[in-house]
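Per-chain residue numbering starts at 1, and chain names A, B, C and D are given in the order in which the chains are listed.
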Amino acid sequence: MIPAFLPLRDAIAAHVRDGLTVALEGFTHLIPFAAGHEIIRQRRRDLTLVRMTPDLIYDQLIGMGCARALVFSWGGNPGVGSLHRLRDAIEQQWPGPLAIDEHSHAGMAVRYAAGAAGLPFGILRGYTGTDLAAANAAHIRPITCPFTGETLTALPALTPDVTILHAQRADREGNVWLRGIVGASREAAMAARTLVVTVEEVVDALDAPMNAFVIPGWQVAAISAVPGGAYPSYALGHYPRDNAFYQAWDGIARTRESFTAWMATHVLGTADHAAFLRSVGGTG
Amino acid sequence: MSAYTSDEMMTVAAARRLRNGAVCFVGIGLPSAACNLARLTHAPDLVLIYESGTVGTRPHVLPLSIGDGELAETARSVIPLPEIFTHYLQRGRVDVGFLGAAQVDRVGGLNSTVIGPYAAPQVRLPGAGGAPEIAAHAREVLVVMKQSTRTFVERLDFRTSAGRVRALITDLGVMEPGADGELVLTQVYAGVTVEQVRAACGWPLRVAARIAPVAPPTPEELAVLRDLQTRTRAAHAARVRLDGVGA
Amino acid sequence: MIPAFLPLRDAIAAHVRDGLTVALEGFTHLIPFAAGHEIIRQRRRDLTLVRMTPDLIYDQLIGMGCARALVFSWGGNPGVGSLHRLRDAIEQQWPGPLAIDEHSHAGMAVRYAAGAAGLPFGILRGYTGTDLAAANAAHIRPITCPFTGETLTALPALTPDVTILHAQRADREGNVWLRGIVGASREAAMAARTLVVTVEEVVDALDAPMNAFVIPGWQVAAISAVPGGAYPSYALGHYPRDNAFYQAWDGIARTRESFTAWMATHVLGTADHAAFLRSVGGTG
Amino acid sequence: MSAYTSDEMMTVAAARRLRNGAVCFVGIGLPSAACNLARLTHAPDLVLIYESGTVGTRPHVLPLSIGDGELAETARSVIPLPEIFTHYLQRGRVDVGFLGAAQVDRVGGLNSTVIGPYAAPQVRLPGAGGAPEIAAHAREVLVVMKQSTRTFVERLDFRTSAGRVRALITDLGVMEPGADGELVLTQVYAGVTVEQVRAACGWPLRVAARIAPVAPPTPEELAVLRDLQTRTRAAHAARVRLDGVGA
């Protein structure tokens, strides 16, 4: 009924196991960086990582060898340029090969929505006249409307073993309130077999307005209070996006050496997210 | 203020294409600059939709990412991303979609996926994002790209989105599709020659019988654009500290 | 850009024409009664009426001969019993025949959602083992998942010519905020070719919380300020549902004579919704 | 307090089937009474979902309609109706669904659509509502119906939802499916004979080898149920006046 309130280390250890399909969602906003770092610290392997926009945290997970496959629709550092570790994995198979299952944003949204709805597939008018379907025929197929005869595109549902979200607030029953840009978080949450949430704070009463995006506590497996858990992404109402860090990441991730050194110091070399924040100068 | 860069001219030329009241699906970077320039000059009622789920947004500084808090805080409504693609784009409610890419071909096809073969690329690019469906569903598609023979190519390495372009706005001029769909040079900027445009294009570029002149940026356009970009640079340079968080 | 702010009479005259497909949505809450009454006063004919739960307002529209067809999923007086005018139309063709296109709630939601998404059809796992598909083969067809081979049910999109909603509040730009139980209002609004809204009040600033259900003004064709416009349904924060009126309706609508007399007095005999409210004792 | 009606016994029997913490998809009328009785007695953490979009609601009075304001104001969250059917029901998140109907057959098939032929019915009933998908997707389906040979029929006039019933709770006792899916009488209420139950059933009713006894309503169950119904009747009888509206 009520989710387990656990330290993040325990929540990740309990739910993220080698070989699972894991979605860390949040569109630019509320990206669960702390959870991603903890997965790296626990040296998980062979994960199928799912995310519309891989972002820096997937660059880190991929560069640290946690992933065997990536399901995605746009893999860049927004407004800055490449994700160098993602590129290195695809172009040079470093630190290992990375299988990709690639879509458009509209397609990823449809796949999550189908998973959330308990359907085996979803449909869209999309991919027409592109090379995407030919490149990914296992996951992109035509379908005919039984009423109009029109050909549309069908995509298989995404149902992650584990979806991890970051939110501003949970109450003591484990009800979780996300506010601001939510991306496909709702669909990723409802599609998941297991939902793990990190939050900025746990409060006695959510005080969410009616019709807010509140996930009932009985759907959440574990909640960890991790202040700053989305940094360098952001949590509306708590702290802004560290755009300067996103720009700095371009240099850090550009070479294997600088990346590995940075990860050793700031992620593997820190015990938890509070220590990570101190080490990158975000606090303290 | 008479001097201006070719990037500024390109942004201004893109902004001028937006009629007041149009509903624009805005991408990050140059399209975002052009749309907000238009909104802050001749088109105050432009409706800006960013794929992150912000509808009718009026940012004071340009976002670095497609989902900066600035976009949410100045939006008329913030909705789940899937609805942006279903209720707005696919349902046909978007007037203008902006795209950019790493490669464009002579019919306006775009590549933002790979350079080289898909299975073993020389350069892995970010990928499709919203492009395929913007190209398919926006009433009008504008592409903004700096010209070079490396990017304006005879043959795309990968077709990320189909050619369906109303205008391709470059740093040298503007191309628009002819009756057969092939892009034709219709405008060049002041101080640019047709030969320069041809030389920076990887296919034999068709040129319209009559090339329309393009007025240089007005002082107001330049001032608003530079002011916006100065504000933006300052905002993005500030490091974030979380000392109060969780206290 | 900004919708026309019109008296309800003018908004209905401009947008609801004989023969159109019209959806008045709102699930128990925010049912646009005032708009429905105005359609009756203007003696519109041959409408295809769409609504998940026809409710009293459709009982009235059908009994007054405005409809030639009904698309629906549950046609009763909630918690009370039958809609006697709907029954009379189907059982006895009074005041004329009524074609029906009948679904389950889940099916109607899928049909609206497909229309809202610009798709020609939608899918669900439903109708299995029931007689619904055989009774309505034109609108219910099997479809095969191209990935799993599973057979699901396809339903054609609903795209009403006009959707009419009632909401608590609009601002002067015509942005509309609905709060509380929204049913399939969002999907019915986005599916429509033309959207007409009645509101309790027009205000300078909506003051809606982030992530509220706000319809941008540029999607709305016309807005009419009609205080009490959902009565005897309700508008959360303004007035509650008149459950006693719903119970009384059972007697009023039971015979053609009592129904016709009531409509003549309270709807045809009143100039507008304010007069209607006075005549039924809701105000004054 | 020792006297109680058969309706009360039926409601109490239904309520007792709900384990604390279960997620219930609640219909109006008797199911709503049973679920709230359970919530107010042995199952305080029952999660009630009404199809109107109210999740985790705790009404103080029973709703007359499925979307009374009371349900929204006491809910943990209020979401669009389509999500109730997709994200909750079809996705398999509902433990218990409650149904009623005008007719039931020996395998638990239900009719709430028509009496007589579909194209020309003698009686047009309200129709399916949420029933077909509740029957298909809830982990466990409970049906609550008063017994009569008119409603417990050999052959349905229309199959609105397929038979997939864990228990059929009547005003006389309880039937549960046997291995072949046919309903078998497994419980009768105090003071009711098996012959009475058989006489009020339109098909030759199978009877379990051992009929389990059902405890009558406890004083607490009766008090809570009657209190709830008294509050509810008073709330629903009040006419609404709008004098302040729009003032």
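The definition used in the following text is that a contact is a pair of C-beta atoms (placed from the backbone, for glycine too) under 8 Å apart; a residue touches a chain by one contact, two chains touch by 3 or more.
Everything numeric in this text was worked out from a predicted model, so none of it was measured.
For the interfaces A-D and A-B, the C-beta contact count is higher for A-B.
Per-chain CA centroids place subunit B at a distance of 41 Å from subunit C.
Here the spacing of subunit B and subunit D, counted between their Cα centres, is 57 Å. Work out the mean CA point of subunit A and of subunit B, and you get 27 Å between them.
Looking at subunit D, one finds that residues 72-73, 78, 86, 90, 137 touch two or more other chains.
For subunit C, the set of residues touching two or more other chains reads 118-119, 124-125, 180, 182, 210-212, 236. Those chain pairs judged to touch are A-B, A-C, A-D, B-C, C-D.
Subunit B meets subunit A in the complex at residues 28-29, 51-54, 63-69, 71-73, 78, 80-82, 85-86, 89-90, 113, 118, 121-133, 136-137, 158-163, 235-243, 245-246. Here subunit D touches subunit A in the complex through residues 21, 23, 45, 47, 55-56, 72-73, 76-79, 83, 86-87, 90-93, 137, going by the rule given at the top. Taken together, the subunit C residues at the contact with subunit A in this complex read 118-121, 123-125, 141-143, 145-148, 150, 152, 154, 156, 179-180, 182, 209-213, 236. In the complex of the two chains, the subunit A residues touching subunit B come out as 27-29, 52-53, 72-76, 78-80, 82-83, 86-87, 90-91, 102-106, 109-110, 112-113, 124-132, 135, 180-187, 200-201, 227-228, 231-232, 234, 236, 238-247, 277, 281-284. Subunit C makes touch with subunit B in their complex at residues 1, 116-119, 175, 190, 208, 210-212, 214-216, 218-219.
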